[in-house]
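My structure is below; once you've seen it, I'll send some questions.
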Amino acid sequence: MTPPRTPDQLHRFGYLGPRGTFTQMALDAWDAAEGREHLPFGSVDAALSALRAGDIDAAMVPIENSVEGGVSATLDSLATGEPLVVIGEVLVPITFVLCARPGMPLADVRTVGTHSHAWAQVRGWMGRHLPDAAYVPTLSTAASAAALAQPGDVMFDAGVCAPVAARNEGLEVLAEDIGDNASAVTRFVLVARPGTLPEPTGADKTTVVLFQRDDHAGGLLELLEQFAVRGVNMTRLESRPTGAAMGSYCFSIDFEGHVLDARVGETLMGLRRVCAEVRFLGSYPRADGGRPDARPGTADEDFDRARAWLDDLRA
Amino acid sequence: MTPPRTPDQLHRFGYLGPRGTFTQMALDAWDAAEGREHLPFGSVDAALSALRAGDIDAAMVPIENSVEGGVSATLDSLATGEPLVVIGEVLVPITFVLCARPGMPLADVRTVGTHSHAWAQVRGWMGRHLPDAAYVPTLSTAASAAALAQPGDVMFDAGVCAPVAARNEGLEVLAEDIGDNASAVTRFVLVARPGTLPEPTGADKTTVVLFQRDDHAGGLLELLEQFAVRGVNMTRLESRPTGAAMGSYCFSIDFEGHVLDARVGETLMGLRRVCAEVRFLGSYPRADGGRPDARPGTADEDFDRARAWLDDLRA
Amino acid sequence: MTPPRTPDQLHRFGYLGPRGTFTQMALDAWDAAEGREHLPFGSVDAALSALRAGDIDAAMVPIENSVEGGVSATLDSLATGEPLVVIGEVLVPITFVLCARPGMPLADVRTVGTHSHAWAQVRGWMGRHLPDAAYVPTLSTAASAAALAQPGDVMFDAGVCAPVAARNEGLEVLAEDIGDNASAVTRFVLVARPGTLPEPTGADKTTVVLFQRDDHAGGLLELLEQFAVRGVNMTRLESRPTGAAMGSYCFSIDFEGHVLDARVGETLMGLRRVCAEVRFLGSYPRADGGRPDARPGTADEDFDRARAWLDDLRA
Amino acid sequence: MTPPRTPDQLHRFGYLGPRGTFTQMALDAWDAAEGREHLPFGSVDAALSALRAGDIDAAMVPIENSVEGGVSATLDSLATGEPLVVIGEVLVPITFVLCARPGMPLADVRTVGTHSHAWAQVRGWMGRHLPDAAYVPTLSTAASAAALAQPGDVMFDAGVCAPVAARNEGLEVLAEDIGDNASAVTRFVLVARPGTLPEPTGADKTTVVLFQRDDHAGGLLELLEQFAVRGVNMTRLESRPTGAAMGSYCFSIDFEGHVLDARVGETLMGLRRVCAEVRFLGSYPRADGGRPDARPGTADEDFDRARAWLDDLRA
C-alpha cells in the first residue's frame, strides 16, 4: 500500500469546466488549491476518469443544489467504478445574470441559451420578463457566455450564467440576480483517490452509498434504524436507480461525523452487516462548521464509557 | 364542486413533445386516448400549466427512468402549485438509435445531438464506437432528429432518438439499440385535475409528497414507520429539495394500494398527522398489474375485522 | 344483548377479604359503593368467579403494588375465562403496623404472621428490630390479626397488617409504619361484567392483554410500535406466562386514553391485526386524574382533522 | 483483582430449602455440585445474603416458572445490593403429589397445606376433587410434608409437594400428578459472586436488569431497538417496580448469546449508553442447548467481517 497522500501532496486539480462556471468558483475558494494547476473538464465523468487514471490528483465537482437537488452525474459516477473519496466540500451561493453581446436591448431577446439546470432556476424570472423567449440548451452556463463572445452567428440572443463568466467574456449584463430563489446554494465536493483521510475536526461529514441486500419492504427503514440507534443524523439522502430494474435503488447518504468517531464506526459496521454493499465515499470537514447535536447517550464519550464498561465485564 | 370527470370525459391530451418522443409512445399506448386530440408541449411545465388552466384534460409526462432516476421537472411541478393527480401510468422500454442524414457514414460522425438524459444512457456505446464525438445538447431526443431533417446547416452530424423519430423524419439509422442498459424503461404518468379518482382494481399505486413538520433527525424514520406499521410497501422514494435551504427536503413517494383501501387510508391519516403537509397525487392502476404481498395482519380484510371488533367493543 | 348496566345499577360488591384488608379500604374509598352490600371473598379467584356467575355485580381486587409489582392472581384471572372489564381504579397508600395480643412486649416476639407480600415489604424493618423472628405465612394480612384476636393457641406472637385491622380486632400496636418503603401504594381495580363502559373523562386508562401470533424475535417491539406510532403512552407492562411452555408469554398492559378516543381506537385495531388475540379489559377514569401529554400530531383533534382530510380525498 | 474462580473452585452450595423442594432437585441435577457441601436456606434473600457475605460459594434459586411467571424474590434480590452473577441454569419439570399421614382417606381431607405458588398450580385439580378443602399457606412445599411428618397436631390434613418430599418424609401419596399444567417447568439459576465468567459454548444466555434514564413514553421501545438492530433475541422480559413510585419500573431481561460474543457486546454497550444503569447478571450455558437463529447480517462472523472492513477504512 502506498503511503497516504496528504492534501499538500495534491498538485493537479481538475474541475467541471469550462472556465467561468460555478465549479471553478468552488475550486477558487479551496485554499489548498491556490497556486496549483487547475484543469477544466467537459463533464463530471471526464474529470473523475482522469482522477481514476492518475492524470490529476483531485477533482472539484457539484453534488447537490439547494433548488435542483442532487447532481446525478456526480452521484452515479462516485457510486460505481474504481473507488474515489470525498476529502472536502465547498458551498457556493448561486447568482445568475442575463448577458448578451453589447448593444442588444432586453426587449429584443427572443432566444436564451444556458445549461438546463440553470434554466430551471430562472423560469420564474423569464416568465415575468421574457415570456416568449425560446430556450436553447448549452453544455454549461459558461458555454452560453463563451458562444456569445465568439464572432459570427450564434444560436441565441442572450445567455444565463455566473457574473464572472459574463465579465470574463466581455458581455453586457442585461439583468442581475435573476434566480428565482435568492438563497440558492450549490454544494461542491473535492474528490481524490482513496488513501487521503482528512483528520477529524469535530465538525465532519461522511458520505456513503448503500446497496440493499434485497428490495424487501421496510428495507430502507432497517437502514435508517442503524443510524437512529447510534444517534447519527443524516444531512442528505438520495435514492438513485441501480439500473438493474425499475424500482431497484441504492441510497446516497451524507451524515454527521467522521469514520474515526466511535459512533460513526459502529454505524458503518451495522450498515455493512445488513447491506449487500456499503461504498465508503469519505469523511471530511463540513463547509458550514456545524457540529452534531448528539442525543443523550450518543456522544463519543458515551461510546467510550460504554466500551470501558464492557471491557471490564469481559475481563 | 363539479361532478368527477371519468376518463371517458377526457378529450384533449397533452404530452411532452415534440412528436417522436418516448412520451408520445406512452400516450399512444394509453387506450382511452385513442381517437382523441393529442397536443405536444415544449416542456413538462408547459403541459401541466395548460392542464391547470383547463386548456387540456390530461397530460402524459415522464416521471422516472430505470437508469437515470426521477424526472425532476415532473416531480417538482406536481409537488407545488394548483393540485393535480395522477390517474394512470405507462411503462415504455427505452431503445435508442443513432441516425443521420442519408449518406453520412458512421466513421464521419464528429458531433452528436440529443437530450442530456439520452446522452447519459448511450455514453458507453459512444465511448466504444465514437470516442471522439462531441456532444451537443438538444431540447428532446426527437428535436435532434427534427433538426437533422430540416434543410440547411445543422449543429451536429448525427442524432440519438427513438426509432420512431428517425423513421418519422426519414433519417438513416447508423446503429440500433445503442443504449448501455438493454432493459432500460421509462415510467410515464397520465395527470389530470382533481375530481378523477380511478376505481380500485386490487393492483393499484398511490403517489404522495410529504413535507416534514421540522427537519429533526429521525424525521424520515418516523414517516416510514407510518407505512411499516400498516404493512404498506413503498415502490419509489425520492427526496427533492424544497428550495428553502440546503438540506431542506420533501419526499416524493409511490406506494402500493388505493386511497380507498383501509390500510392506505389509515396510513395517509397517520402521515397527515405527523407531516406539515401531505400532498395527495392520486391512486391509479399499476402498469405492471402487480398485487401487494401483504404481511399477515395487514390485508384489507384484517383491517375490516379489526374495525368490526372495535365497533363491538365500543357498542 | 342485555342493556348496559350503569354503575348505579351495581348493588352487590365483592372484595378480596377478609374485613380489615387494604382491599376493603379500597372499596370503602369507592363512593358509588357506599350504602351497598359488601361481600368478602377468600381469594381473587373466588371473587371473580362469583362475579362471572352473577352472584355479585362488581369486585374490588388488587392489581399492582408499587413495591411488589403485579398481582399475578388478578392478572391471570382477568386474562382467561369469561370476559370481565375494569370499570374503575383506586390507589391506596400502604402502611403496616406490627400488632400483638395486649401485654406482649416487642422484645418477646419470636414469630410473626402475615401475608407473604406484606412480609416482603417489611423485611428491612424486621432485620433491624426483630432479626431472629421466624416468619409464618397467613392467607392475608387481616387474617394474621384475626388469628391473634381469637382465644386459644396461635401460631405466631405478632402480626403485620393494616392499622384498621389491628383496631378492628382490639390488638395492641407494637410499632407503626414499619413498611420499608414509606411511599408504597397499591392499585386496586373495580371489575364488572362487560356491558358497563364508563364515559370518557379526558383522563382515562385502558387495560388489555395481548397474545402474540407467534413468539418470533422482535414480536414485542412490533406491538410497542403500534402504540408509538399513534403517540399512546403505556403506564404498565407485565409479561405473564401463558402456561403453554417456558418462554411463552402474554403481555398485560395499561395505557393512557379511552376506547372511544380516536387514537386509542386506531391503536386497538392495530394490535388486533398483529396479535393472535387482544383481550380488552376496559377503559376507566384514572385515579390520579392525569391527562395524557400528547406528542404533536397525536391528539384526538389531529386524528379528527386527518379523518376529515381523508374523507375529502375519497369523495 | 482476584483471579477468576472457576466452577471447580466452588465448594459450598446454598439452595432455597428445606430439603425436598424442587430447588434441591435442581441442585442435585448440577453435576459440578456433586460431592460438595449443600446448605438449605429459609428464603432466597437468606441464601443470596450468605453468598454475598462469602459464607457459601454459590446458590441455587428459582427464577421463573412456566405457569406462575417470574420469582419476584429472586429477581429483586439480584437487581439490587452487592453484585452477583448467574453462572448456570437448570430446568426442572414440576410434578405435584397430594400426601397425608398414612391412613388418611382422600375423602376426609378438609384442609390442604402448601406454598402459595404450588396452590396456584393445583387449583383446577382441587376444584374437581376437593372443592371444599380450605387452603393453609406454608413456607415451602417441602414444609407442608415436614409438618405432616412430625408427631402431634398439624394445621392441615394433607400437603401438596414434590414426590421426593413425600417419600423423604414417609408420607402416603393420595394422588399423583395433580398439577393443572402437565408441562409445567421451573427454571433455576446458579448464582455466584462476580469473577466467574463461564466460557462461551455457542448456546448461551445473558441476563441483565435495565434501569431507564427517565420514564418517557417509548422508553422500552428504545431499549428493545438496541436488541433488534443487532439481531439479539430476548427469551424473557419482566418488568419489576423499582419501588420509587407507582409506575416506575426496571426490566429484567434474558437474551441469547454470551457477553464475549461480538453482537452481545455491542448490544450491551448500546444499552449502557441509553440506560441510567445496566446491571449485568452473567452469561452462562443454556440448559436447553438451543443455539440462536441469527438473522442474516447478525452472526458473529458478520460482526467480525464488518470490524475488519472498518479497520481497513480507518487505516
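A, B, C and D label the chains in the order they appear, each numbered from 1.
Following the convention adopted for this analysis, a residue touches a chain if its C-beta (ideal position, glycine included) is under 8 Å from a C-beta of that chain, and two chains touch if they have at least 3 such contacts.
Being a predicted model, the structure only gives us computed values, none of them experimental.
Mean C-alpha position of chain C lies 25 Å from that of chain D.
Centre-to-centre spacing of chain A and chain D amounts to 58 Å, using the average Cα coordinate of each chain. Chain centres here are Cα means. That of chain B falls 60 Å from that of chain D.
Among the residues of chain B, those in touch with two or more other chains are 225, 228. Viewed as a contact network, the protein chains form a single closed ring in which every chain touches exactly two others. Every pair of chains in contact is given here: A-B, A-D, B-C, C-D. Listed in rising order, the residues of chain D touching chain A in the complex are 1, 197, 213, 225-226, 228-230, 259-260, 265-266, 268-270, 272-274, 278, 280, 296-298, 302-303, 305-307, 309-310, 313-314. Remark: chain A residues 45, 64-69, 72-73, 91, 116, 120, 123, 135-139, 155, 181, 183-185, 187, 217-218, 220-221, 224-225, 228, 231, 233-241, 243, 245-249, 295 touch chain B in the complex.
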